[in-house]
Amino acid sequence: MTARRPGPLAAVGAALLGVIVIASAAAPLLSASNPVKPTFSQRLRPPLGLGGTASHPLGTDNLGRDIWARLLHGGRISLVLATSAVLLATGVGVLAGLLSGVMGGLVDDLLMRAADVQLTFPVIMLAIAIVSVVGTSPIALVGVLSLSGWVLHARTVRANVLTVWRLDYIEAAGALGASRHRLVLRHVLPNVLAPILVIASSQFATMVLLESGLSFLGMGIQPPAPSWGTMLSEGRDYLSNAWWLGTVPGLAISAVVLGANLLGDGLRDWLDPQSR
Amino acid sequence: MRANVTRLEAIGRRELLVGVGAALGATALRLGPAAAQAPAAPKGEIVAGVSERALTLDPANHYSISATSVLRHIFDPLVDVTNDSKFVPALAESWRPVSNTAWRFVLRKGVTFHDGTPFNADSVIFTIKRVRDNTKLIKAFAYQDVENVEKDGDYAVTVTTKRPFGSLPAHLTMLGMLPPAGAGREEEFFQKPVGTGPFRFVKWTHGESVTMAANPTYWKKGVPKVAAVSFRFITELSTRAAALRAGEIHVIDRVTPDMVQTLKASPGVRVLDTPAIEAQRWIFQLAKDPVKDPRVRKAISLAIDRNAIIKDLLLGYARPVDSPVPPGLIGHTSFGPKPYDPEKAKAILKQAGYQNLTLDFVLMKDIYPKQLEIAQAVAAMLGEVGIQVNIKNLEVASAREIRTAGTYDLFYSGWAHMPHDPDWYFGQWFTKMGAEKLTRFDDPKVEQLVADGRVPDPKVRQAKYEELERMIWEDETELWPYYSVAIYAISDRLQGFEARRDYYVLLSEVAIR
Amino acid sequence: MRAYFARRLGQSALTLLGTSVLVFLILRVLPGDPAKMLLPEGAPQSAIEELNRQLGLKEPLHVQYAIFLRSVFRGDFGQSFQYRAPALQVVVERLPATIDLTLVAMALTVAAGVAIGIVAAVRAGSRYDYAGTVLAVLGQSLPSFWLGIMLILLFGVTLHWLPTSGFQGWRYLVLPTVTLAAYPTALVARLTRSSLLEILRQDYVRTSRAKGLAERTVVLRHALRNATIPVLTVIGLQIGTLLGGAVITESVFAWPGIGKLVVDAIFFRDFPVVQTILILSASIFIGINLLVDLLYVVIDPRIRYG
């Protein structure tokens, strides 16, 4: 069996993400077209190479807006929102999982039952409720998105802690007076890093899709501003006659997911003491 | 539980086959001495894929286009309406206004319900009194003006009303007649409804499909032409279109202009369109600054290029408006098209002293095709004259709450004249009480005309409505961007399908090869 | 462990009760009211008020909840506002379709996900691994509606191999299952691969191999056991969310399940149906988590609860 070299692939992942982030940040420099102004005469033009022109390399959408421009500008919003949501979900989830597993008892029960209760409610219902109470600010959106993601992290970490907690040598060390908690953390965190990275890098796409699904609550991006999520939902009605509308942002999301996957796997290999 | 699904389906199929078999058998029995004139036995099954779920099988308990389509096959109303808005006899052979507040209906003889009981005046009395008295029913409010329903022998009925109710026959086109036997056990009855219609109920899976089999003893000869009809509720347009293209269903409704090309290019598929009796109308919050100022409304109207919307966004599948009421209905008249003049709009705003206006444009999610696209186009157009528009595309309940609360400037809406009569539209939106929690409309002169237009005499109604419409047209009380066009796609195996202007999918006179 | 189990059972009952209260309250706190959703646009305010009263929505909250609780114990979950039929009947009618879809999608997820994960880990660095990565990326990032519609267009319209929508037989399950399972399969594959890679590098595996055991035995016996836990976590979570969350797949395929039913009911403010579905899925969910927690112990005896 050939051992995988983490190096080059992780670098590829990092480079991919880097390119996407920089391109989105530099959106106005990379595209002169206006991403929000409609031009009726230019509706649904195909991308370059499929009958389109260089002035609209990725084609135009249902209002004649340049897709390349919308992709770049939209990337800013989607990247920030989705990444924040993933980070928040991961952070909260890991913390909750640790608390649950290490402290056990009432804390464990409360957290896990809270998770159960929250998961019973469809995200859309929670979102409507949250909007009615706190409004539609981006922070509220990030909050709602994270709500949908923290439980998986929490459960994974908790399961791992439970496995490690009762290991014989941990118990022995505890009997000898060493802090069991610190030992557990030293053992748990490296072990749990791998699945957490996997899950977090998978969640980016889910967050973007959720954002698109919530935009009609006034959360997320209101038209005509672009985001990958809204571009996806706008493209939904045109899949049979102008498929590039929905496919282009989908590919962008795939690229980010690929980069995150590669980077995540690479990070895991690098940080995992066992694989050295 | 898995087995249950297939078993249920099997039962459904079995019931369907029994229904069909009975229909064919009964029809075969009819062939005899009259064989030479007997119409061909109904055969084949038509499956329609419609976008809206039918939520109930009680004709009095919904105002949905989809349920109206489905129920028109099981029930007959007293009066039918043709595609060009002519009222024709159904279960009533004739009707006339006896006075301003009374209508007399002469009923058709020899009609039986699917369970064999006869249709007569008792059914009419039961049906109308029920919808008036049971305030839990969705249609109840439309019949509160009914004072009494009295029979005049078994086949004539007089309906007296508290105030003039000229549109009563129009409303009755949407009210299927019920057998009095349904009284007292309504919940059970409407799970397996019995009517006089061209099809008998077979099966209903909530939110998924309704299946019906031909009624062999239907009072109209030659109808129905097929042995069974099913309505499947498929909300996703792409899926509906795919099912049609794959030959799994035979009719779909609510096709969008962008889908037309793909469908036309599909083998075995035909696309039909017709101007609908629906006017898009975007309503203003008439008690709120700045849109309560008619000059602002005028400027907004001038700034919108309706032709661009019709031509570029709707690909020609819309008609320019020339009055608040669409053509074909009583009350339609022609004031000429609304002009597009952004320069004049800018001038009006400047003169009236408005600068940097910001408006909230609220939409209800997924109600009208391409609404978000059109709203964005309009936002851009208004931006050209210096009005900033914030689009709020919200889920329906929240949007309606905002409308009730009055925290909107412009609200994306439309009005399909389901009863083929504008009286309901005027009564709701152009009277103070009706519009109170909606547009906050308040104009006593217009309101008087609405009341005057309620009399049965069509000439009087036309005159009053024209006067009323002139006032609101000039005042720009609402924005009327275009009249909708209804687009259907059908399998080319269908014969005799009529693309209806009221969005109903009616299949009793349609055959399938 | 029995004490733990009993305690968990008691908690579950309490959680269920608490959930029912929360469901009840949140629904009534949402903006908009059911009567307005049921009546047409052109209905007068008086009709709206009257219908709300008829639906029992004008009573004080605790009275409404008490009435609700009493009828639930009689098996009556109220009348759906939309359908005017018993809410329980409306939900139960559509439950089998969702359960079928969920079970088959989960089976596919486990089978395909684990298989891909194993191959990718055992042949790490090879083109099988790279192929697995590509599949995983696609599975995680393709929107369900995109995948669903594309599958319908390809297999339903162009090739005529499979039906396009609805549920009238087993062939109808194929496309929706693939669409629904895409994301969890990708996640399971990646988790399996990741866990396996970790284990395969550990000392005791090397020791086992030194003992001469066949490599395959080494993999299957030691490694999979450890990899099961995160995978089990994912699956447990997925089942719960699928019951109420497969709305997009159900919309695209006109699947007569409760995913679309619950979302439509939320938009429509059809309280009885939402209540019924959420309480039902809470029960199932809590039950499954109970099971998963139990399985943790079975699989890894080192996990003991005290």
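By written order: A, B and C. Residues from 1 in each chain.
In this section, contacts are C-beta pairs under 8 Å (C-beta built on N, C-alpha and C of every residue); 3 or more make two chains touch, one makes a residue touch a chain.
Quick caveat, the model's predicted, so the values are computed rather than measured.
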Just grab the chain with the largest centre-to-centre distance to subunit B, centres being mean Cα coordinates.
A
Most central chain by CA mean?
C
Between B-C and A-B, which chain pair is linked by the larger number of C-beta contacts?
B-C
Starting from the mean Cα coordinates of subunit A and subunit C, work out the distance between those two points in Å.
20
How many Å are there between the centre of subunit B and the centre of subunit C, using C-alpha atoms for each centre?
37
Rounded to a whole Å, what is the gap between the Cα centroids of subunit A and subunit B?
44
Among the residues of subunit A, pick out those that touch two or more other chains and give their numbers.
128, 132, 236, 239-240
Touching two or more other chains - residues of subunit C:
30-31, 149, 153
Note the residues in subunit B that touch 2 or more other chains, in rising order.
238, 395, 398
Which residues of subunit C touch subunit B once you look at their complex with the stated criterion?
30-33, 36-47, 50-51, 54, 82-85, 90, 93-97, 99-100, 149, 152-153, 156-157, 160, 163-169, 251-254, 256, 260-261, 264, 267-269
Over in the complex, which subunit B residues touch subunit A? Could you list them?
237-238, 241, 256, 258-259, 261-262, 308, 312-313, 365-366, 370, 372-373, 375-377, 379-380, 390-395, 398
Spell out the residues on subunit B that touch subunit C in their complex, using ranges where they run on.
1-2, 4-6, 9, 53, 55-56, 58, 61, 63, 135-136, 138, 140-141, 187, 190-191, 205-209, 232-236, 238-239, 242-243, 245-246, 248, 395-398, 400-401, 404, 413, 415, 424-425, 427-429, 433-434, 436-437
Inside the complex, what are the residues of subunit A that reach subunit C?
1-5, 104, 109, 112-113, 116-117, 119-126, 128-129, 132-133, 151-152, 155-156, 159-160, 162-163, 165-167, 191, 194-195, 198-199, 202, 205-206, 209, 232, 236, 239-240, 246-247, 250, 253-254, 256-258, 261-262, 265, 268, 272, 274-275
Touching residues (chain side subunit C, partner subunit A) in the complex
11, 14-15, 18-19, 22-23, 26, 29-31, 122-126, 129, 133, 136-138, 140-143, 145-146, 149-150, 153, 183, 186-187, 190-191, 194-195, 197-198, 200-202, 229-230, 233-234, 236-237, 240-241, 244-245, 247, 262-263, 266, 274, 278, 281-282, 285-286, 289, 296, 300, 302-305
